[in-house]
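Input: structures, listed below.
One chain, subunit A, links the two complexes that follow: it is found with subunit B in the first and with subunit C in the second.
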Partner chain A sequence: MLLPFLLALHAVVAALLPPLARVLGTRVFVVACLPPALTALWVLAHAPDVVAGQPVTSAVTWVPALDINLEFRVDALTLAMVLLVSGVGAVIFGYCARYFHTGERGLGRLSAVLVLFAGAMLGVVSTDNLFALYVFWELTSITSFLLIGHDDRKEHARRAALQSLVTTAGFGLPMLVGFILLGQIGGSFRISTLVADPPVGDPLLPVALVLVLAGAFAKSAQVPLHYWLPGAMIAPTPVSAYLHAAAMVKGGVYLVARLAPGFAEVDPWRALVLTFGMATMVVGGWRALRQDDLKLLLAYGTVSQLGFLTLLAGTGTQVAATATIGVLLAHGFFKSALFLTVGVIDHQTGTRSIAALSGIGRRMPVVAGAATLAAASMAGLPPLLGFVGKEAALEAYLPGGDPATALPSGAAAVVLVGVVLASVLTVGYSARFVWGAFSTKDTVAERRVPRPAAAFVAAPVSLAVLSLAAGVLPFAVDPVAQGYAAAFDTSGEPYHLALWHGLTPALGLSALVLVAGALLFHRRVTVARVQQALSRWPDADRGYHGVVHAIYVVALRVTRLLQSGSLPVYLGVILATLLALPGARLVMALASGDVAPPGAGGNELRFWNTPLEGVVALLIVVTAVATVREHRRFPALILVSAMGFGVAGLFVLYGAPDLALTLVLVETLTTIILVFVLRRLPATFGTRPDGWAKRLTVLLCAAAGTFIAVSLWLMTAARTDPPVSLGYTSLAREAGGDNLVNMILADFRALDTFGEVVVLATAAVAVTSLVLLRRSRVVEETDPGPDETEEERAGARTGEGERT
Partner chain B sequence: MSTREENGREPQRGAVGDGAPPEGWEAPRERWLSTVVRPAFGPRSVLLEVATRLLIPTILVFSVFLLVSGHDQPGGGFAGGLVASLAYVLRYVAGGRRELAAGMPMRPEALLALGLLVACATAVAPLLFGASVLEAASVTVTLPVFGKVKFASFLLFETGVFLIVVGLVLSVVSALGARMEAEEEEVRIVRARTTRFGRMRGGPR
Partner chain C sequence: MSAPGLLLVVAVAVLYSGGFYLLLQRSLMRVVLGIVMLGHAANLSLMLTDEAITLPPLLGGPQGEISDPLPQAMALTAIVITFGVTTFLLALAYRVWLGDNNDEVPDDLEDRRIGRLREPEDSS
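What follows is the complex of A and B.
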């Protein structure tokens, strides 16, 4: 199977695009078209098999020990998603070649990231492994971050990109936890296995599902996490069309639809999906009605449709599943067509504001026709695909279905009301879109705008025509829907996507929706007034900023609390912790007799092995006491190093020349380096603690010293097993060295040493950059602002930590 | 400071009274180091400069000795690296930051990178031959002068450690010592300029 190669092709083409962009200009997008177009063709070639219920699979082992493999599986749902991701994607990439101007900034990067995004999205919808799905999922988060923040010189764009990344990737983490739980309790990380044989009844399953749904909801912009989607409209319009109509936001819907056959019956699933889906649907539609910017109108419309899709995908009945595929495809086609239309209008007129556009319909009749067609599909007008999908959706919640598989009647009634309400709103904003974009308004002065080129208009027109064709010929789409819906059991005849089902209640509801929607549009002035009155609703965007700000404030407070900047306080906290936890435990163990002080057997306390030790110990004690009593910095430093040399002497006496050598060298070096620093500090220590502070310090230090001495004494005597080093002598000879210490460092435990030298190198880079950071400030020390001093203090503090 | 630099060959006389030796009495008459000497701390000293000149090659050779003899006797890459970097620190103390820069084989960051590269390569190379990470291999050959000599792969690894240690110390010294020295000098220059301007403005016309 070719899929892994197609994925690799995306990556390779993405790597080639930036240099190509310098030569080709905007035509680079034609090259960018190639990978998604090939993928779409490939999947269409396999469509007959897939629809017949024979998924195409392939696997590449990646981390077999952790059950992480790149397994791919293309079934009916994946087929529908690939058609959107790659098929619609290829059309949009072609459109980009006309939308952007040659010489625009960052074209190479934009095209490369778009192709990478297409590849990652393809991975999300085609992989069959939970971990691989997560990796691809986060790849889409990162690439969409880069795409939304394409115009990186605008602060607004950067903020929107960060917001989307924080939301989608932030909720991706609980999703990962959910995946791991799911895999652990299900015994497999393969999605198809899990869905076919769900671990129903496990008490952890609901937890896992809630976590997974959280990630899916954030990705699909469900209320109250929908704020990032309108914000992301700062991206170039083709990017919005691709991310928000065809690909990225469908990721969450895809995940819900993917898991629904196995888990829709498990408890909080339906409650969550139906509640959040319905809330999103209504809130999105309501907010779309009052937007002035055409793109924002579409963005809130997308939020509404995503709620609708999540609701359908998560319901888990045969009819709802059929409707899911219908609405999924319909939304992909009409919404991208509409976004691209807005792109054309923006490109030709330079504005997207309803209040500034007038007479566009007369100047661009083809565009207007295509947009009207797409908007009609969005509103659910026959004979378009949107109508077919909505018909199926209404049917899914109508009473009178099969009692064994249907929803509880109360829930179904509530959902039906919600769907009808949201559909009315959808008709309202669809009409508003067409009116706002193309009508001739008396209040607005008409402007002369150039007609768009035919190739530019081709993309939205072709997508709109696709909506019409798929609506007129529903039997082209129906097999895909049946292929997916077959996973849900139905006792009677399966529901099919069709234009005409007879005079059903659903048809009546559709008509009602259209009439009510038309009324809503007709009374738009009244609606606007009501919206004005209700505009004091809580704003999710403000909620996001509140959360981010709260985290920032808490972090700042914690830092202020813990990082007092005083070395004595830091040391005091460390020593107090040492005494409070292991120290208290040791005292308790000694008191209760769990740990006996070593007695006979060569372990009893001796004064010294050789009197020489006594001399060295005396040196250490004298220098230590002198250090504590010394008031000047420089002599104190010299005394500390003298003490270090004394310790090195002890090492020599105990037969560890290697250790002694290293210690002497390190002591020498640190002394010299500290001298560099001391030149900058006052010659004597500042105020020293007095009274209680002094007594506390002395007590703490004495207790810590005693604890360490006693525990060392106990520990060396507490050996129960033979030392691990016994075999080292022969091993060292075998490895070809006599110096055991060095053999351990460079051979037996070389990996540890490797880690340590990496730490050393990192520390070196860190010290250098910290000092560099301070540098610019020292020169300007004549006039430090309040912020600067704060940062400088922080820098000095960290630097001190490195040194000691 | 500037007078000392300009009259490096001529010791200053009679600058300070009351029995103390004249400033710069220790300064050497010959040139012992490779740059115009401006020590990191205090005045120039003939003793320090001569000792530096004579000792540095010996110290560096000793550091290499420690490195290669490490697997049979005390020493090894870490100790060797510390000794080698002490040679550079000595040079800095005697001759200041210009002297340190003149003596460095390459930038400390490059040394760090090279060391990491060598260590990584030694770690990964056995994988190419189907062995596990960091697996050691050694070859014993008979060379004409040295007799039987053993080459072990952990010597390469130790070389990486050696380079990283030298890079670490040099970057700390050049950051904490040399850069601070440069800053102080800059501040001094700025101050000197402002006081000169002040005098010009306030002086008699």
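What follows is the complex of A and C.
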């Protein structure tokens, strides 16, 4: 099938757009239209097969060993989403050609990123592999970051872009963990396989689902993560229309709808989806009612609708699933039409504020008509698609409405009340939108504004007409809904999307909603007063800033705690970690008997290898302890040398003549060099006062040294395989040598020895250059900066905050 | 496989402990001595792995049995490398002393400056 090529086409066209933009100006968006338009046509051509239950699939192998493949599968749900992503996308791209002015900054980048986003979104909704889904998902996060921050010279834009990225990508990470868990317990990373055969009953499944839902909720701006969506309204209006009406925010809804057939029955899926969806629905609607900026009004309206969609998509019954597709398409059409209308108004008048607009309806009757149509669809007025979807949604939660309902009647009633309440609010803000944008207000001075060009208005008008057409002809949309809803229990009579179901309770509720909503609009002054009184609600946006600030402060405090600048403290922390993790584990293993010390578990306990060893070992121990305690330089030097010769003596006893010889030579040289250096230095080391810090250091070092020696002892005792060097005997004979150590160094591992010689030579060159460099050329220490005082340097030298 | 001799284990433990302690000191010269001591400790650790430890790894000896030559070869390499490192460190210490008339390891000023950063009013 063509889908991988269509995805590639998006990427290729995106790469070509920036240079083209220099030549074509805003007409570059017409070129940008091509990939989504072709995709929409392609998916429409396959629509009959897809709704008949024969998904179009294809696969490109990527990382087969990890079950990561670019598998694609276009079924009814994907069909609906592609219609939004590519179909509505193409219309919006065409609109961009009129919205932007030639010569505007960054048009090439904007068009390219928009097409990339369209491609990524197409990938999200069409892939059948969890990993590929995640990759496309994060690609949409990154491209939307670039799109929201399009006007990168505005600080607000950069902040809003960062906020949306931190929120959506930040919650994408737990989602990835959820995906991996899901794939591990389900035995496959193919989504269709997982949904068809969910690993129900696995104790980890609820964890995985919660993690996945967290990612979906952040993407679809569910309360309390909804704050980024209104913030993202800083983006150019067509971008908002595309990202925040048709495409990106639907990603979360899509994921919920995609997984619902398999997992809706698993606790706590329904509880989460219903709670968060309902809260989002009501909060979004309530806040939309009080916005003055038309775009923000739509943004909060979108939040509300996204809650509604999440609720529907996650409910997991046949009627709710049918309603999901209906509302999904309806929202995509009417919300992008409304956003584009705002774009037209903003473009012609230079403002989006309700308080500043008056008489626009008379100046732009066509735009006003289209927007009214779209707003009517949003409010759920017949005969528009919004009404059809809302009827289905009400039906889903009516007692006895859905014969296969899986909801307890109490929960269904609560949800029904919530849906009705949110619908009333929706009617209220829809009316407010139309009134605010187009009415003639006596209090506002009317301004003469230029009429928009016909081609500019074509996009919102065509989308509004689609809302009407799909509402009047619901049988065009119904097969798609049925195709998706077939995945659910259809034991009863399947519900169909239709304008007229007879005199049902749902129709009565619809009428009630319209009346109540109209009343809400009529009493808007009172409503505004109530909202004013209640506006001291906790603000999620402030919560976001609080969290980010807290992370910064904690990071600073941790840095302050750990980064003291003192080398002894750093090394001490490393040693303490060594003791705290592997050290504690070793003690636990010894205590529980998992590891038996030699002498206990049948292993012979040896004290020494030869009796003479005792004398030499004693010498080493005594000189080592004395070196540590010695504060005069020359005695310390003599003690270290004595210790070195002691070690050489051990090598003699251990049958290692080569080592002993080398060590004697090396110790002699080291001692000579030390004498040369120490000759120049003061006679004593700087000492520290005795105290608890010093005692602690001694204890720490003794414990670390003991831990290393004991673990080496236990490890060697636990050795089971013969040493590899056994084979060297015959090899040495073959090579004609008797001294095995020499054979290893000069023959078997000659390359290592060569490396060693290189190290020595490098050290020699470095030492020579360091020592022979004339004293006068010693570089003075860099001048302390203005903010660095003498005092501070002195403090650094004596090392406050030091523990030794 | 029998365990290594306990005496050697004790010597290794003492050398590691002493080396760590010297490494934690402020005086650069004591740090160098600590590295020398840790070098000895590491070389003796390698000897721990050898079972027939007292027999030289020479073919044609009277017993016929020999000790494991591989740890010895490694230790030999390690001895020489430790020597190179020690000499280099000594040269550095000497140089620091020439510039500073002091062989103490100072605190990292940059690190301390980060620690003094003020908490901002708003960081998001």
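The rule is simple: the second predicted complex is superposed on the first by the 563 of 804 C-alpha atoms of A that agree within 3 Å, B and C clash if a C-alpha of one lies under 4 Å from a C-alpha of the other, contacts with A are read in each partner's own complex, and residues count from 1 in each chain.
Rule of thumb we're sticking to: a contact is a pair of C-beta atoms (placed from the backbone, for glycine too) under 8 Å apart; a residue touches a chain by one contact, two chains touch by 3 or more.
Worth saying up front: this structure is predicted, and the values here are computed from it rather than measured.
Judged by the touch definition given at the top, the superposed model places A:G565 against subunit C, while subunit B stays out of reach.
In the overlay built on the shared chain, the residue A:V758 is in contact with subunit B alone; subunit C does not reach it.
Applying the stated contact rule after C-alpha superposition, one finds that A:D49 touches neither subunit B nor subunit C.
Of the two partners subunit B and subunit C, more residues of subunit A are touched by C. In the superposition on chain A, A:D747 makes contact with subunit B only, while subunit C stays out of contact range.
By the touch criterion defined above, A:H545 reaches subunit C but does not reach subunit B. By the touch criterion stated above, A:V621 is placed in contact with subunit C alone, subunit B being left untouched. By the document's definition of touching, of the two partners only subunit B reaches A:G736; subunit C does not. Judged by the touch definition given at the top, the superposed model places A:I672 against subunit B, while subunit C stays out of reach. Subunit A residues 657-658, 662, 666, 669, 673, 677, 680, 737-739, 741, 743, 745, 753, 760, 763-764, 767, 771, 775, 778-779, 781 lie at the interface with subunit B in one structure and with subunit C in the other. For subunit A in complex with subunit B, the touching residues are 657-658, 661-662, 665-666, 668-669, 672-673, 675-677, 679-680, 735-739, 741-743, 745-747, 750-751, 753-754, 757-758, 760-761, 763-765, 767-768, 771-772, 775, 778-779, 781, 803.
Listing the residues of subunit C that touch subunit A in their complex gives 1-27, 29-30, 33, 36-37, 40-41, 43-45, 47-50, 53-60, 66-70, 72-73, 75-77, 79-88, 90-95, 97-100, 102-117, 119-120, 122-124. Residue ranges of subunit B in contact with subunit A, taken from their complex: 40-41, 70-79, 82-83, 85-86, 89, 93, 108-109, 112, 115-116, 119, 123, 133-134, 136, 138, 150, 152, 154, 157-158, 160-161, 164-165, 167-169, 171-177, 179-180, 183, 186-187, 190.
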